[in-house]
Amino acid sequence: MPTFNVQIFEGRTLEEKREFVKAITEASCRTIGCTPESVDVIITEVKKEHWSTGGVLWSDRS
Amino acid sequence: MPTFNVQIFEGRTLEEKREFVKAITEASCRTIGCTPESVDVIITEVKKEHWSTGGVLWSDRS
Amino acid sequence: MPTFNVQIFEGRTLEEKREFVKAITEASCRTIGCTPESVDVIITEVKKEHWSTGGVLWSDRS
Amino acid sequence: MPTFNVQIFEGRTLEEKREFVKAITEASCRTIGCTPESVDVIITEVKKEHWSTGGVLWSDRS
Amino acid sequence: MPTFNVQIFEGRTLEEKREFVKAITEASCRTIGCTPESVDVIITEVKKEHWSTGGVLWSDRS
Amino acid sequence: MPTFNVQIFEGRTLEEKREFVKAITEASCRTIGCTPESVDVIITEVKKEHWSTGGVLWSDRS
């Protein structure tokens, strides 16, 4: 606790993901007072053809 | 808002997904009064070997 | 299949939810070819103080 | 009902998943009194580079 | 790992939930080979007016 | 994008949640290069009697 499920588009590098989960964990501990080991971050990569906003798939947006 | 996470089996075409998210968005705006741009639909495709009903994987059903 | 998890702000009436899930189910069957009985829609109501966009809680927006 | 979404690391065999969903379904029916057919289990496999604990990706742990 | 998110209707007693999470955890360890401490089970109770099957809310079914 | 769903135990103040979502949003933009307005954070509060680790509800731990 806390457990994060975060959905992002495909395309980030491993190094970006590494920095991302580290930063999310630090931000959590600093603001809601938890130990780092209690923080889980689970990343789900979503294809642009699987996410729509306003009824339009992101793969169809230019 | 609203944000949809919808789980479907693999196998739909891109055109089916395109019509699906458009229809879901329209149905939402018509019934709960939101603007299209506020509607996100995120599709997750699930393999039949990763979904069970009644304790049996769908890949094991004939 | 499909199974929808949809997050909306609090405040809709029961009648609006009733029309909403009916419309989502019809839209699904029409566009991706499933039987109505295979469609589950699960609504999660979210308080405005539990949803942020741009780092600002919706309860803090005027 | 109940509907399970369960996140596990990649790497289980089909036979392990088959026994897993069967056991989860039986455990549910025995303890909360439901029929097997009402139990859905959806497995999501997560890569070790997409899950962090304590700010460190599991792919970076030795 | 594994992390379960399970959605059930409201109405179970605390004792039922206690037996349920214990049984799910044991079933997981027995079938996919994990330690009990690695198993998280998070229960979400859903109102019958927030879950529909076939386009009909469960609160509207007799 | 990104969209966060984060599960925490009940008990944080509104001010803590306010700082939390702000920090998560900033950490995301800094590490994976997104605009703040594209970041949604949805908090789900979980009762201790609805979360188990190792088969034991957190409400049963002393």
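The first chain written gets the first letter, and so on, giving A, B, C, D, E and F; residue counts start at 1 in each chain.
We adopt the following convention: contacts are C-beta pairs under 8 Å (C-beta built on N, C-alpha and C of every residue); 3 or more make two chains touch, one makes a residue touch a chain.
All values derive from a computational prediction rather than experimental measurement.
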Minimum number of chain-to-chain touching steps separating chain B from chain E: 2
Co-neighbours of chain F and chain A - touch as defined: B, E
Copies chain C and chain F touch via same or different residues, half shared test: different
Higher-contact pair (C-beta pairs counted), B-F versus D-E: D-E
Intercentroid distance (Cα basis), chain D paired with chain B, Å: 21
Multi-chain contact residues (two or more partners), chain B: 3, 7, 17, 22, 24, 26, 40, 42, 44, 46, 51
Every chain pair in contact, whichever chains are involved: A-B, A-D, A-E, A-F, B-C, B-D, B-F, C-D, C-E, C-F, D-E, E-F
Interfacial residue positions of chain F with respect to chain C in the complex: 14, 17-18, 21-22, 24-26, 36-37, 39-45
Contacting residues of chain E [partner chain A, same complex]: 3, 40, 42
Complex contact set, residues of chain B against chain D: 7, 44, 46, 49-57, 59-60
Of all residues in chain E, those that touch chain D in their complex: 1-9, 12, 16-17, 19-20, 22-24, 26-28, 30-33, 46, 51
